[in-house]
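Alright, structures below, take your time with them.
Both of the next two complexes hold chain A, though its partner changes from chain B to chain C.
Presenting the complex of A and B:
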């Protein structure tokens, strides 16, 4: 028996070794013409009008197209299913001329009736689907419904008024008031045009909303039959395992360069990076700075950065303490050592912010922005000029958990800022709070004097940054500045893009003069790729198109 | 025997009821709220209030508990707040992955733990015995996720012998009638898929099986040492039965009894270890699902998911106890 056991042990060890050694390197020698994406998870549904999460939208972007799109790698609006567009003089009607000869992947034609069918679908949305967790983008951009549920806006408050066909190849989108920001939003996958035939056939809007708010479609549109006009179409999707896209051979534009795209869900960042190292995926989304360093050090991998599309700032509530005084706010701006914080805690992925808008967003002011370089002496002097007795006592709120992209380590940011403010004539009382334990609602209800906060854009329009924060009076900032409110309203209403950009530049500078907050960082997002992947163009809004990708 | 089973099943009711209350309270005691977790920067007081109304979180906690109990008893487990998929569907899709992994880990633990313990006992106080003690200590004390990452790094990244994520290579075409990938490959006679799925199981099974392996080897060793000194073993030796036959027939068999119980208990270790192992190896099972749910404050998933795992644990132990009764009739009598 003793001998037998020994032999058994040896045999087992041998068989295991043999099993591992005999493993064919199939997952490492990539099949040509296939691009394997390591995503953070599975999409929720493949229907842009029912989801708001990046993982779903990135897949939807491959299958569907909107009237317009973002220029690859930028935010400028370019033609997609519409070839050109023009606003009426009063800015209340926008005529889109549609691309001709385009077909959905179910063979039905794309035309003005199809576009209006989609807008009508969104506008007449069922009451139980109008909540923010399902319809966030429509609510944010078009702001209401034909038949509003309790808590939703109706036609009186909505921006959208209707969609009219003007012949087979043109549509008119009617608005209730002048606003140009919706154009930038139309590039989002949420407003992509789906085949009306397929929507009906596969029952896209039928289903139940559970007591807990989730929509469960009974039809298969959003799970098995998402039909759009995009460069790819869905072949199969097994949740937890893989989602397979294949090239749409009937695509109206240049055909996708890689035939198959496979999206596999890997929620753990570490596991995503290791899968990239072993070649089990060609692309790993969302790397931490530490992971990015690992990827950079590997000769068969490379790192690419998504242009910054967020802002981290130190918020100031002008309703509290001496903060309504402009000189006190300037003193804060001079008293924050922003450069050191960005240099020390962002692993090379932070850019020092001198204004609220990230550089790629139109309206970013290239010159004329007041600069507040760290200067404790000047800060103290300003406080004295404001008639304050030093040190000025302030409460400073910061979250202890849940790092955000623009704030990977909030407590350290706070400590550095508090230290630099204390050198500049302030006395800081720390107010730590849990992001998920009411921190945000505390700020939003106007309880915090100074606070760490930020914003990640929804879509590539300056209104989504500036108007959202400074367009009306809010409890978050507590100021009332009709001059700024008017400027931002005018900017949003301007239909001539060149003029509009100028107005936003003015607003961006004005915000830095009046300092409702002090921005300090815009961060980029790192993704990892295998070196043989070419043509992956980064999108600030995270919605990269895979059709230009070549796996060598 | 039947009475024994029925009694145990009836006992399940208060256990599960108490457990449901415990989980319900625990989930709500997690720091933060689902509204803050999901709404992010947009968590204005108004948005948070709306969210609470929609998800029924504004009602008194006993009303919430009662509602939860009622719907659970009707078989309706709710919908995941994060994925919007019904919890029952998620459990159906994910359970096979976890079972397959637990099974593979158990096979690994038994295949190595039993011989190791046996040899250690036979070579009592020799270098082999000390070596096995050392190995067991390592097995128990190394955190599962650490071992998992190390294994992945060595065999996946460095040596490139084994895959590191998922259950199947994405380039392998396979059908999945049962959801148990290795079995699926065999059933559909897709040997390539079965082999591929097996390879995907090796590293996670080793990582997850390390703790049960250590326990099994220690228990086997102790048990063999005990049995060796029993009268019937001495008698067999005295009768002149060849030593190997004594070992096989009298020692090993009897020594296995306590190990059976350990298998049942180890199942709990496997389920809890699956949370980390599945996350590290990106296996879409119940463990990685629960980890995500904690992160997202996904109450329906946490409540039903944990209840489900608890139920499985209790049932597995019941089965083990019953099996034990078959192997050792003395248990039934008592």
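Presenting the complex of A and C:
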């Protein structure tokens, strides 16, 4: 789950006022060689190891590269700074062969020592920087530190064991257990390789932790001197005004097609759309379905969609009421009019979900998934077979704020679902809550019987969907099914990709048979572009590269 | 002029006005603004009472098939004011919404009025330390903006219609208490009170049957005006998500909150509940102003 942090919000609020003041009606004399991005805010920091928000990562991914990357527009893993990789027989050591002749933009060479220096930096992270606000992705993927802070995992529980150079052009990443999901994660900007010389020179790790949990560096690495190997480098950044990237002329691959990229923070969605309409920006990120319709209607603008990489679901807590009975859960699945909700509320951006995984993710099962088409009669019958007296009373939790892609208007989803469940033999008690004000914590401490929830993937691996939710017993779902837990552990440990995919397909079907929740939607995310912008390839994980963009 | 005519004239002059209330009513009737106010409020009361007969559809019946492209088809022959984000008939929801706003408005003002009058008459008539205690407490309440105070109370009691009613009511208490205390202070030293006291009428009786009837008119005016504020506050609390817990409830403020999300594509969803609030609030304000003029002794004319 990509997190917008509190500093993010503050910066956004500040930047909106500043941005509108600084750009009355920007003159666009330098067009064609410049691509102007209307971002939803300023980046927090330009150091992937210290942030977890999409706004920062999208800029970082232009400046830095990891060992591997996602194929543009997809999740398949492709070579980047590593040209080949191979797991050892026992799956505990992965050897990466590095690309030769690559230089960081400060002129220092990229080699195995540089890679291990970066892994060592993450592994020996200072205790106060180990929290999820700063190190979410390392915690999620590698799960521990050499010197853990209280509350963090140590080397005994971590996945990561070490990084060894094997000559100047190969490294071995050592793991404590078999895992295949970490490879997909290495494509994230969080695990991009920075110049070790610059990290030291610009004091990347010196600083304090702010009251909001974010990192406040005293060095300039993350604000003025982010040095990587990517197709762009940072020219200047004035917070609240603009961030300017220029082409890295010494890039090892095909050079970026547009010389300059300007990132402007415009936090207000309406203002962003207006800036796109007036031509102040060439690209506006994250449109609501309603705004997308406005942009689509404008002949000089166009809409593009990020492939669906999320899931919205109605969660079920099996610890509560009669929900431990499979037939009651099936009745819920039959009693939710998912097709109408997805068809009516998502403006064509939603796909009806028949399983937890979005179609894009490996492990999506094309066949054999049990289907639960809306059928109130069948739902009532199942409830009676389960020995329940109708109507079955349930509390249904839903958030009143924080709309997100898979849930553009949570109360609306709730009301539609509540109405269809009430027709199916249930009696629903509404339980509204505020996302940060007790809603999520209430769910996670197991208080909600039924609830609206969802997930946006962090990286392109089924483990990031299935294992995260159903790999161990949680208070959120409240069930204990060793069969499913074992299946998912085996799937994550399998290094043969074909076998792994099969196991995940099995798991995805099994989840729909046992119904720990009922998924209903996978949604695409809309962005707006001016018609003359070509070559902007949408990324499911929101990390588009600007080097292929041409402004005609 | 015959004797009979003179007698008639004399009789007429003998009962010049028929009492404060009848005369006030007479003057009220001649105030066009007041009549408009009564018409607005009267219409809403009728709509609220006969909602099930007037509303063309159920206010809670959803029809998702009507929703295209996210939200929401506008006015049509079948749905005169369009449908909301769940395909519910907007007109029917505005009509049923009148019930919530009127009931909540009236009851919350009743809460505020009864507590406020009690405290105000204690402070005004007893005076002394009772006066100081009550009035300082009212000063404290007045120092907090009324909507903020209401939010605080709802936060304490939990969201819902009843807490909203209590909260808005409590927020109006100091207005009534201060007003009544002020007028009672003026009346307390009046000659008729002195007369009553000198013939040994008991304090409570003096207060309830002599002073109160003579001090009540400004309170009634304030009460009518407070009704308008109360309806706005109730809608405001509903807008902030502190209103009815079931989001299907057609309360105007709650309807405005949801409309906010669709303001660019379906502005009518905000317009109609907003218009309803404006009309009824305007109605109460016009009535209040007309009543103030009607009850103001300085404007009393013997024609």
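Definition applied: the second predicted complex is superposed on the first by the 518 of 552 C-alpha atoms of A that agree within 3 Å, B and C clash if a C-alpha of one lies under 4 Å from a C-alpha of the other, contacts with A are read in each partner's own complex, and residues count from 1 in each chain.
In this section, a residue touches a chain if its C-beta (ideal position, glycine included) is under 8 Å from a C-beta of that chain, and two chains touch if they have at least 3 such contacts.
Here the structure is a predicted model, which is why all the values come from computation and not from measurement.
Asker: Which of the two partners, first being chain B and second being chain C, lies in contact with A:101: first, second, both, or neither?
Answerer: Neither partner.
Asker: Which partner does A:280 contact after superposing on A: first (chain B), second (chain C), both, neither?
Answerer: Only chain B; A:280 stays clear of chain C.
Asker: Once the shared chain is lined up, is A:268 touching chain B (first), chain C (second), both, or neither of them?
Answerer: In the superposed model, A:268 contacts chain B only, not chain C.
Asker: May I ask you to decide whether A:348 touches chain B, chain C, both, or neither, giving the answer as first, second, both or neither?
Answerer: second
Asker: With both complexes superposed on chain A, which partner does A:131 reach: first (chain B), second (chain C), both or neither?
Answerer: first
Asker: After the superposition on A, what does A:293 contact: first (chain B), second (chain C), both or neither?
Answerer: So A:293 only meets chain C here.
Asker: Return the chain, chain B or chain C, that is in touch with more residues of chain A.
Answerer: Of the two chains, more chain A residues are contacted by B.
Asker: Of the partners chain B and chain C, which touch A:254 in the superposed model: first, second, both, neither?
Answerer: neither
Asker: For A:150, using the defined touch cut-off, is the partner it touches chain B, chain C, both, or neither? Pick first, second, both or neither.
Answerer: So A:150 meets neither chain B nor chain C here.
Asker: Would you sort A:454 into first (chain B), second (chain C), both or neither based on which partner it touches?
Answerer: Once the two structures are laid over each other on A, A:454 reaches chain B alone.
Asker: Pick out the shared contact residues on chain A: the ones touching chain B in one complex and chain C in the other.
Answerer: Residues common to the chain A contacts of chain C and of chain B are 270, 401, 434, listed in rising order.
Asker: Given the complex with chain B, which residues does chain A contribute to the contact?
Answerer: 1-2, 4-6, 8-9, 12, 16, 19-21, 23, 25-28, 31, 34, 36, 41-42, 44-45, 131-133, 151, 210-216, 238-242, 262, 264-268, 270-272, 274-275, 277-278, 280-281, 401, 404, 434-441, 444-445, 453-456
Asker: Quick check on the complex: what are the chain C residues that touch chain A?
Answerer: Contacts found on chain C: 62, 64-65, 67-71, 85-87, 159, 241, 245-248, 258, 261-262, 264-265.
Asker: Using the touch rule from the top, collect the residues of chain B that touch chain A in their complex.
Answerer: 31-33, 36-45, 47-48, 50, 54-56, 71, 78-81, 83-86, 93-94, 97, 111-112, 115-116, 118-119, 122, 149, 152-153, 155-157, 160-172, 176, 196, 198-199, 202, 243-244, 247-248, 252, 279-282, 284, 288, 292, 297, 299-300
Asker: Across the complex, what residues on chain A touch chain C?
Answerer: Touch residues, chain A against chain C: 270, 289-291, 293-294, 337, 340-341, 343-348, 400-401, 403, 408-409, 411-412, 414-416, 418-419, 430, 432, 434.
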